[in-house]
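Each of the two complexes below includes chain A, the first together with chain B, the second together with chain C.
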Partner chain A sequence: MATKKVSRVEVKKTYKLFINGAFPRSESGRVFEVTAKNGDFIANPALASRKDLRDAVTAARAAQSCWSKATAYNRGQILYRIAEMLEGRAEQFESEIALTARITPAKAKVQVAQAIDRWVWYAGWSDKLQAVSGATNPVSGPYFNFSISEPQGVVAIASSDDFLEFIDAIAAAVVSGNSSVVLVPGGLAVPAMSFAEVLATSDLPAGVINILTGSLDELAPWAASHMDIDGFDISGIQKKKHGALKEAGAENLKRIHSFESGKTPTRILAFMESKTVWHSVGV
Partner chain B sequence: MSFYGLVDGSEKSLIHFLDELSGVDQVGAEARAAMLATRSIKTTSKKWAIETAISMVDLTTLEGADTPGKVRALCSKAVRPDPTDPTVPSVGAICVYNDMVEVARTHLDAIGGKHVPVAAVSTAFPSGRASMEVKIQDTQDAIDAGAAEIDMVIDRGAFLAGKYGLVFDEIVKIREVCGGKAHLKVIFETGELVTYDNVRKASYLAMLAGADFIKTSTGKVAPAATPPVVLVMLEAVRDFYSITQRRIGVKPAGGIRTTKDAIKQLVLVNETAGPDWLTPELFRIGASALLNDLLMQRMKMSDGYYASPNYVTID
Partner chain C sequence: MTFEYAPAPESRSIVSIKPKYGHFINGSFVAGKKHFPTVNPATEEILSHIALGGTSDVDKAVLAAQKAYTKTWSKLSGKERGKYLYRIARILQERAREFAVLETLDNGKPIRETRDIDIPLVAAHFFYHAGWADKLDYAGLGHSPKPYGVAGQIIPWNFPLLMLAWKVAPALATGNTVVLKPAETTSLTALLFAEVCQQAELPDGVVNIVTGDGSTGAAIVNHPGIHKIAFTGSTEVGKKIARAIAETDKKATLELGGKGANIVFDDAPVDETVEGIVNGIFFNQGHVCCAGSRLIVQESIAEEIIEKLKVRMAKIRVGDPLDKNTDLGAINSKEQLAKIKELSAVGDTEGAQRWSPQCNFSDKGYWFAPTIFTGVTQAHRIAQEEIFGPVLSVLTFRTPQEAIDKANNSPFGLSAGIWSEKGSRIFWASQHLKAGVIWANTFNKFDPASPFGGYKESGWGREGGKHGLAAYLKNGKETGAK
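On to the complex of A and B.
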């Protein structure tokens, strides 16, 4: 008798948000559809609401002091660990990016390798920032006067739908000790949530990086006006909408910047503030 | 002495009365509290709920490290919770340790806060482990210093050992010390009473002995004011009212930190004891961090954007 091969029941992944080290569904229960170039269904990521944003900011605020007080060396180690985890799952990212960004597998492979290298490059800055950006200022008096760069606090990021730019923005924001809330649009939601799984297994303290998938148009104005967000990277938002966001962010003097993709320490320093300390000369 | 004509004050009559009470349906109470917690309160109702909750907060500091300066700062916050907005109501009361009552009363009077009462935690708070003489003296001290409300703890050890008469007599004696000068709130420490049946029994015991308020917890033990516990207590005051025509207040304390938690409590009150209890005279929330969250939610509603803890005081 011929036996029919028993096929397994497909186990599909539920795409959720990444808030405070956990994977909750959107409070609103909403989802949106991501499709391939040929219209095939890929996934239903969560469509985050402003309440999810509020929860993420609360988590980011709570995590920030612990993260910024960790030694620079320790932060560098944890960020490098994330690169290790990314490396091990490179193939998964390649296939997800090829599918959702609608590029060839070869291009996706290059992009993932670039992203991992970029992450390592930013991680390396953690214990070098002070040496490069700090200063001993000349003063006329029996004092030393130091300028020290410190992280701002909670940085929101409106990412573009490009994986490399997504990695750039997060790495530059958190390496100095900021915590972040990352808003991710469209098809990038799929690799972004896989990235969240990497974060969850990398000893990164809960809440340092929170990822919300959904609509930038819906969430960005709430992030811009949120009084408990200190900086906002709006690189993923069209130029014509920058004015309104900057206006909304003026109430708490939020730093709002947009950047070109690339390796630059100025992007790290953009969300740090220089603090000046006096110290008497030892007798 | 007659206690609402329900018991004669003897242990025997108390045991008889308390044993006659029906047991609490644990699953039912928890399901009912969970169901009421899902009510969505929005827009104008939410604004009303936030302001009502602010007026019901017993703004509390019960730390070993309390200083007169901290108590004075808290008093200023109690009178004008949001210094930038005079339309925010004052809180229900200030709740402090005995030795801080005078500091609080003097400062409140000086800054135009005569309408804000001072509540003192008495009778060897939080454990309640002291002799009766000490507990009476403790209470008398607080009243002499100007406390208008006394938050007493019951002897949980005696209650759990079944010595209802002892617990009852303590409440009666402290009630006598309070006289007409101070309201008496009786703290059960529900986290130590373990079962809902015990919470129901303790509620009736305290109400019979003359409590004006029954209060869940000291804030030093977790779990504290969980919604099912508050539900059981609200049912007790409702039923007690139907028997005696006297309204007893309820004060959940401990673990209520967010506006959402506070609004859930208000829904419980409205749906269990009824809207008559939605007043600071009959419902208080013992809290410290809650007030900031209420203020931040209120700011969000008036400004249209999310607020930051940087714009409210730390304590």
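On to the complex of A and C.
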């Protein structure tokens, strides 16, 4: 990012958080430094605070009624639109990932292509989930009985610092109608905030995806004990730290899961709740 | 002119209860060390003495279950496992009356319910799951999903044998072996079920039953040889279990408390609705986690509904659970009666209006009259906390959205009811209610093919139906195109 010739001074981006469709600074005023492999300064992303987390949860909860009630077709189209926006900015993501994840440009290019395709894969699930997970149940009596899957509500995500895993976790949580608060560590903050800009231009309702950059060691326990978070994907956190988070999450019986891999409907269904409805049948 | 019902007692001669029981481990009964009495809550008569299982008993049971898992049960094909379950279902049907009488004696619930609901559903659960045993590849859990191994199962006292069936049938069908602990006050039908396992020639150690109290349950939860916990009981204990297994790889399904909203819209069929309200809260003395314990009725018809409800409540026959005419039996234990009395007293002090029909109770036994509280607001404890007794809290609403908001204003999310003649309104309401089981123009219906379980603090996972199998299986390889 550093310019070699001083023919023109680059206009650099100020890194902020993404909450309720807007880009606020952390209320704490804290930032942390992201550097390149050679030590060059890249960015000062916001170091999100507990108050920022609470604000993000409030936004996610408020977004619930509109996102979960949107038709599956509509959700699928909005998610597909996000893939379109990602594709248009692929080169930007490639260079940011190469720089911050410290991988070769070729590898970064592959990863961005995978991430876009993965997002499209998840988008297509929106109107197929019920066919796969639901059932009509042949009960012994004059009742029409069926089970459908519904989003749990607000899902927190502790992402790893890998861009593809970040995409997997978010797509799996929101495609069913959950809203989310995504906790992003380290250098992933840079492409994650570019992803926030993609979201802001994709007709995604404000608050459906909120992104907080900072320290997972700080943020994850706060999310685990937050009483208005229904589910928590802790795939990005080391296994030895899972126990403490699950213990904190027991207070409201949060659904806490971690996944070895993406690209499975199991991951979507883990953050859905099955509802069974009995209708009496008669004339 | 009034009609009186003559006594119509069911004979208890069909059951023989031993003075003392041990645990059922590895296919036979083994003596316990300490014992505690189990009483008939309708008479306070001591029925028998139940063994208090300690960690060494749990160790033995888990060892037997592990051995049975590796040596026999995991080697059987699904087809053969299924045949054992079919056998169990058939023996349960053959001995249904004996189980019904014993359940009524030990639990206090009316014979009409044990005979017509509990025991037939128990047999149905085994019959239903028997058929799944060789069809697990089609359960939507990938190719060849695998059991966990030994399941530790802890069940409550409100539907003793039915909860056993909900736990044991899917566990065995999916190839797990079990260590089960019945509730402290209602162990007798589980111990009779052990005899059924023997008659069915179920391989030794596939089902092990350790009786005892909370400490016995904790020993099961904390045992390193158990890979899967299935618990039905209070939210408080459910949270303790969630904490206890946080640092382990154990999986858990938790069926916990509820404060079910029974919503009555102004176009509801009045007489059917009143029956449904009665069934929703007074079925099984209100000892039902999914009971319709909050009546949320549209203001314009509240007066009419409550008047008719009172007339209907006055006709509820409370008394001897063994009498075939009894509607409402005994409260299961002295402790539970004290809890119901305590929370009802809170309802009085917080300003709700209590009403009960006149009931004449015997001096012996644990009894509580069917009760409604009107003028309840959302802030009242009787609108928020689970009473687990025959006590209904009545709230009112004006707009449909208000009904939904009030119904969802609870940390629980187990059940809800909707009463309306308008199809679109029923579907709208059922979409907006945050509850795992919703009954439209009915209430408190159960079936082995129908998944059961709650949102939020009502627990984790589902029991019954295709969904319930997931609780006992690790996903197999996904076959979908990538």
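Annotations
The criterion applied here is as follows: the second predicted complex is superposed on the first by the 274 of 283 C-alpha atoms of A that agree within 3 Å, B and C clash if a C-alpha of one lies under 4 Å from a C-alpha of the other, contacts with A are read in each partner's own complex, and residues count from 1 in each chain.
Quick note on the criterion: contacts are C-beta pairs under 8 Å (C-beta built on N, C-alpha and C of every residue); 3 or more make two chains touch, one makes a residue touch a chain.
Bear in mind that the values here come from a model prediction, so they are computed numbers and not experimental data.
Of the two partner chains, chain C is the only one that A:V132 touches; chain B does not reach it. Number of chain A residues touched is higher for C, counting chain B against chain C. Once the two complexes are overlaid on the shared chain, A:W278 sits against chain C while remaining clear of chain B. Shared-chain residue A:T264: touches chain C; no touch with chain B. Looking at the shared chain after the overlay, A:S225 reaches chain B, while chain C stays out of its contact range.
In the superposed model, A:V57 makes contact with chain B only, not with chain C.
Of the two partner chains placed by the overlay, only chain C lies in contact with A:A250; chain B stays clear of it.
Residue overlap on chain A between its contacts with chain B in one complex and with chain C in the other: 251-252.
The residues of chain A lying in touch with chain C in their complex are 132-133, 135, 137-141, 143, 145, 147, 152, 230, 242-244, 246-247, 249-253, 255, 263-266, 273-280. Within the complex, the chain C residues that touch chain A are 124, 140, 235, 238-239, 242-243, 246-248, 254, 256, 411, 426, 430, 435-442, 445, 447, 449-453, 455-457, 459-460, 462, 465-467, 475, 478, 480, 482.
Remark: chain B residues 304-311 touch chain A in the complex. Interface residues of chain A facing chain B in the complex, by the touch rule stated above, are 54, 57, 61, 222, 225-228, 248, 251-252.
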